[in-house]
Amino acid sequence: MTAPEPGYSADEMMTVAAARELRGTRVCFVGIGLPSLAANLARQLHQPDLVLIYESGTIGAKPSRPPLSVGDGELAETADLVVSMPEIFAYWLQGGRIQVGFLGGAQIDRFGNLNTTVIGPYERPQVRLPGAGGAPEIAWCAQRVVVIMRHRRRAFVERLGFLTTPGLCPGDPERGGALGKGPTAVITDLGVLRPDPATQELVLSELHPGVDPDRVRAETGWHLREAADLGRTAPPTAQELDVLRRLSSE
Amino acid sequence: MSRLLSLREAIAELVHDGDTIALEGFTHLIPFAAAHEIIRQGRRHLTLARLTPDLIYDQMIGMGCADRLIFSWGGNPGVGSLHRFRDAVENGWPGPLQLEEYSHGSLTHRYVAAASGLPLAIMRGFGGDLFGHTRMARVTCPFTGEELLAVPALHPDVAIVHAQQADRAGNVMMWGIVGVQKEAVLAARRSLVTVEEVVDSFAPHTGGVVLPQWVVTAVAVVPDGAHPSFAQDYSQRDNAFYRRWDAISRERDRFLDWMRQHVLETPDHRSYLRRLREEPPADQLKAGS
Amino acid sequence: MSRLLSLREAIAELVHDGDTIALEGFTHLIPFAAAHEIIRQGRRHLTLARLTPDLIYDQMIGMGCADRLIFSWGGNPGVGSLHRFRDAVENGWPGPLQLEEYSHGSLTHRYVAAASGLPLAIMRGFGGDLFGHTRMARVTCPFTGEELLAVPALHPDVAIVHAQQADRAGNVMMWGIVGVQKEAVLAARRSLVTVEEVVDSFAPHTGGVVLPQWVVTAVAVVPDGAHPSFAQDYSQRDNAFYRRWDAISRERDRFLDWMRQHVLETPDHRSYLRRLREEPPADQLKAGS
Amino acid sequence: MTAPEPGYSADEMMTVAAARELRGTRVCFVGIGLPSLAANLARQLHQPDLVLIYESGTIGAKPSRPPLSVGDGELAETADLVVSMPEIFAYWLQGGRIQVGFLGGAQIDRFGNLNTTVIGPYERPQVRLPGAGGAPEIAWCAQRVVVIMRHRRRAFVERLGFLTTPGLCPGDPERGGALGKGPTAVITDLGVLRPDPATQELVLSELHPGVDPDRVRAETGWHLREAADLGRTAPPTAQELDVLRRLSSE
């Protein structure tokens, strides 16, 4: 882990930025791992009534620490209700009740499409990744998507090895029938990418403190453009770091 | 009318070589004991259906039980890869493994279609590159003209799930995260439920699932039968074991050794648990790092 | 975030002339108090959706609230006809009533489609002569070639249901026979839940339905708000009233008299219940024979 | 009510005959009214493990007396489980788990089709009946159907006013895609009709004690044929009557 500024890590900056991205969100469908940590941070920091929904069927879970898996006991025990998986996908996600779908991924392209399936040929892959999970439905049905991923050249690619989960749809205002807008932010450990309103291409919209834009471009496999109003992320506050560290200590 | 059998009898009677079987349980209530018994009894050429192969199918794949996998997410939750699954897909060890791959939503809908007696289910969704590697089609809504995704019903030969309780009439109850277990049982031709215990009557549980005795083929009492998964109000998820599995399963030899010592050389789940718990914590700590 | 309102405020705010409204509750938990308040506030030109019109829509139809009825079974359960419903259909009194008619299965599926964000639901079924009097279509399964029945999603403007309890955060819980109430609420643009009482926390109930506060628009506390229907663990079904209704509703004048005395001239549900209970048992006995 | 024999009524004979028809049945989807009374009689007489399913969602209800409505509290309180209506129709009925669907009706024709919708033109009916309820699905999805109706000429008609619920399908062994066989018995207060295996037409198969076949023909609106092996129903036993009368007393 690199420490772009004294006092916090790049991963901590990423998680704090992702938590901030959830400001104003009421209902968030949370993938496991980084999304879960950031969503729980948001709930504890500034969104006490943020409703967290996990694909295991727990609605309104209030875990004291981010779970290792989406099925950890504390999620069910602290939830407002627990429903079956058919119900979580049909009534809650497809029903259009989710404002933010919060995803990670192994590979992302300039339009926010994600690959979590394979690197290399499908039939004989170099790397077999876990697969889709609920991400295609989350990306399709949530009103918007926030992606959180570490910024590495092997992950931010010109061309995906496999199209698992849909991103933005340049040239198709209907987005092929999807319910929501697709990814509105990709939060990384270096900065934040957002779609250019005109082209739908992800552009560098914010740089985290101390990060050189050349470094971001070097870690991005496509020619990364910058937003006209490229900004700087505010560094984590003491309170943000304090809550995050309490959450992630185990 | 469900019958109370030993796990050994139940697997011998219900699971045959070449069957399509679904051992369901989403992180919670995963029927590990039943999987171990299938491994002990040496079943071969199975098609394994399950949303999340998890450690349970990693073990079955590594032990050569499976020809084919129907799934939607194959990882060790919160830890990383399933090494036996990857070794089978990437290197064909111990044999080739055919994949039929879905998303959670679409595979869930396959069980729902089958439980509902329908040939298909429809959903909003994105096929993406999966579309070519799975059984999906498109259906046009006759009312709105919208294009929707369709998936076919999945009827396993056998569904196996773990639940907290059976009553003396053979009804079954589970609660907490219940995943797609009800749908898997109702979709299957035969079903086995392993339970923590038999009780006189069920306490109420909001969100709990009751399977009446006449839709269950057999019940087997297997306390802690979900380990390293868990049964809410009976056990905790053994997160340390999930982490240890990464090291145990990474290399073929160590995996085979571990499976032989813990599964093949134990006669039943009680012995498996005893052997696990006799291991020095130091070893667990080292392996779990 | 659900808001706690009086029933009068909630109806005034949520239900508008011309709306499509669904007051659901299958025999159990029928939101009669809310219907009476809609009658008191004189709503007109409503489309009433409900599996079983029951006495609740018989009253609303007879009082001239409805232009249109979407339904699947219009009788007085175990007693006989709904006379106001029949008078409207057979004689156009107090005004013409358009019908859009389904079976229980197909109308249930319309709510499910809407709750699921789908434009349609598919089912095995028989259209019969209903096919021409309703919104049904056929869809061919792309996997098997089978022909299935399709019905379009039904999105009411407002869903109104009665439940046993709300908690202080505005979450709602109902148990016992829960019918299609969850689906109706999730299908609707706005929703009102009348409840028996507000509690600190919910006890567990197998098969119970929890509606989180963020899918409910308003909650109103209306004890015995389902009378003559019932709320399990709070009240008994008033079977005698269902039988009495046959005589009360048979003739237009007596019906109008009864509605005026019991609904229009009472300010709220508490007064309605008090007036009902003050009536001499002899009268009830005679009317109920 | 007529009393064809001393000691019991025609309705009692009908209900007892219907209860006997459920012998060997495990799972029965029960309509309200006469079907509910007969199914509860069967459960108390000879089928203690008969699973009664009502369309209200109660599975395995064990009411001490037949309910006035399908939603009576006792059904839910005595059931093995209570499910939502979407579930009862999708997983339990359409899922093919019901052996016998037990129905009544206002009109029936020679192929067991039922009308419970209207008498007269649909738009301006002479008599508006309640409508379909769950009968079309029950008839379509149960493995077989038993109908119980009083035998009257206005009910047993040459031509239905409206086809609400499907019966037998002469000439279509696939039954248009239905899951079950359709009506295998129509139990009346005069006798029992069953489909002729060759023509699928309902024929008089049993006469209740003391009933003249001419009377049955007179009460049937189509030319009612007789089965080659036309039989006589055994009269109700003392035990059958005793249990039935306890059940129907209120």
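First chain written, first letter: the chains are A, B, C and D, and each begins at residue 1.
The rule we apply is simple: a contact is a pair of C-beta atoms (placed from the backbone, for glycine too) under 8 Å apart; a residue touches a chain by one contact, two chains touch by 3 or more.
These numbers come from a predicted model, not from an experiment.
Chemist: Return the chains shared as contacts by subunit C and subunit D, ordered by label.
Modeler: Common neighbours, subunit C/subunit D: B.
Chemist: A-B versus A-C: which interface comes out with more C-beta contact pairs?
Modeler: A-B
Chemist: How big is the gap, in whole Å, between where the Cα atoms of subunit A centre and where those of subunit B centre?
Modeler: Those two chain centres are 28 Å apart.
Chemist: Calculate how many whole Å lie between the centre of subunit A and the centre of subunit D, each centre taken as the average of the chain's C-alpha atoms.
Modeler: Distance between chain centres, rounded to whole Å: 57 Å.
Chemist: Can you work out the whole-Å distance between the CA centroids of subunit B and subunit D?
Modeler: Averaging C-alpha atoms per chain gives centres 42 Å apart.
Chemist: Which residue numbers or ranges of subunit D touch two or more of the other chains?
Modeler: Only 81, 90, 94, 141, 179 qualify.
Chemist: Of all residues in subunit B, which are in touch with two or more distinct other chains?
Modeler: 112, 117-118, 123-124, 146, 148, 182-183, 206-207, 210
Chemist: What kind of graph do the touching chains make: line, ring, star, complete, other?
Modeler: other
Chemist: Strictly by the criterion at the top, what is the full list of touching chain pairs?
Modeler: By the stated definition, chains touch in these pairs: A-B, A-C, B-C, B-D, C-D.
Chemist: Can you tell me which positions in subunit D touch subunit B when the two form their complex?
Modeler: Subunit D residues touching subunit B: 26-27, 49, 51, 59-60, 80-81, 90-91, 94-97, 141, 179.
Chemist: Mind pulling up the subunit C residues that touch subunit B in the complex?
Modeler: The touching residues are 117-120, 122-124, 135, 137-139, 141-144, 146, 148, 150, 152, 173, 202-208, 210.
Chemist: Can you list the subunit B residues touching subunit D in their complex?
Modeler: 1, 112, 115-118, 171, 182-183, 186, 210, 212, 214-215
Chemist: Taking the touch rule as given, give the residues of subunit C at its contact with subunit D in the complex, in rising order.
Modeler: Spelled out, the residues of subunit C in touch with subunit D are 26-28, 51-52, 71-75, 77-79, 81-82, 85-86, 89-90, 101-106, 108-109, 111-112, 123-126, 128-130, 133, 146-147, 176-180, 182-183, 206-207, 209, 229-230, 232, 236-237, 239, 242.
Chemist: Going by the contact rule at the top, pick out the subunit A residues touching subunit B in the complex.
Modeler: Contact set of subunit A toward subunit B: 32-33, 55-58, 67-73, 75-77, 81-86, 89-90, 93-94, 117, 122, 124-128, 130-137, 139-141, 162-166, 176-179.
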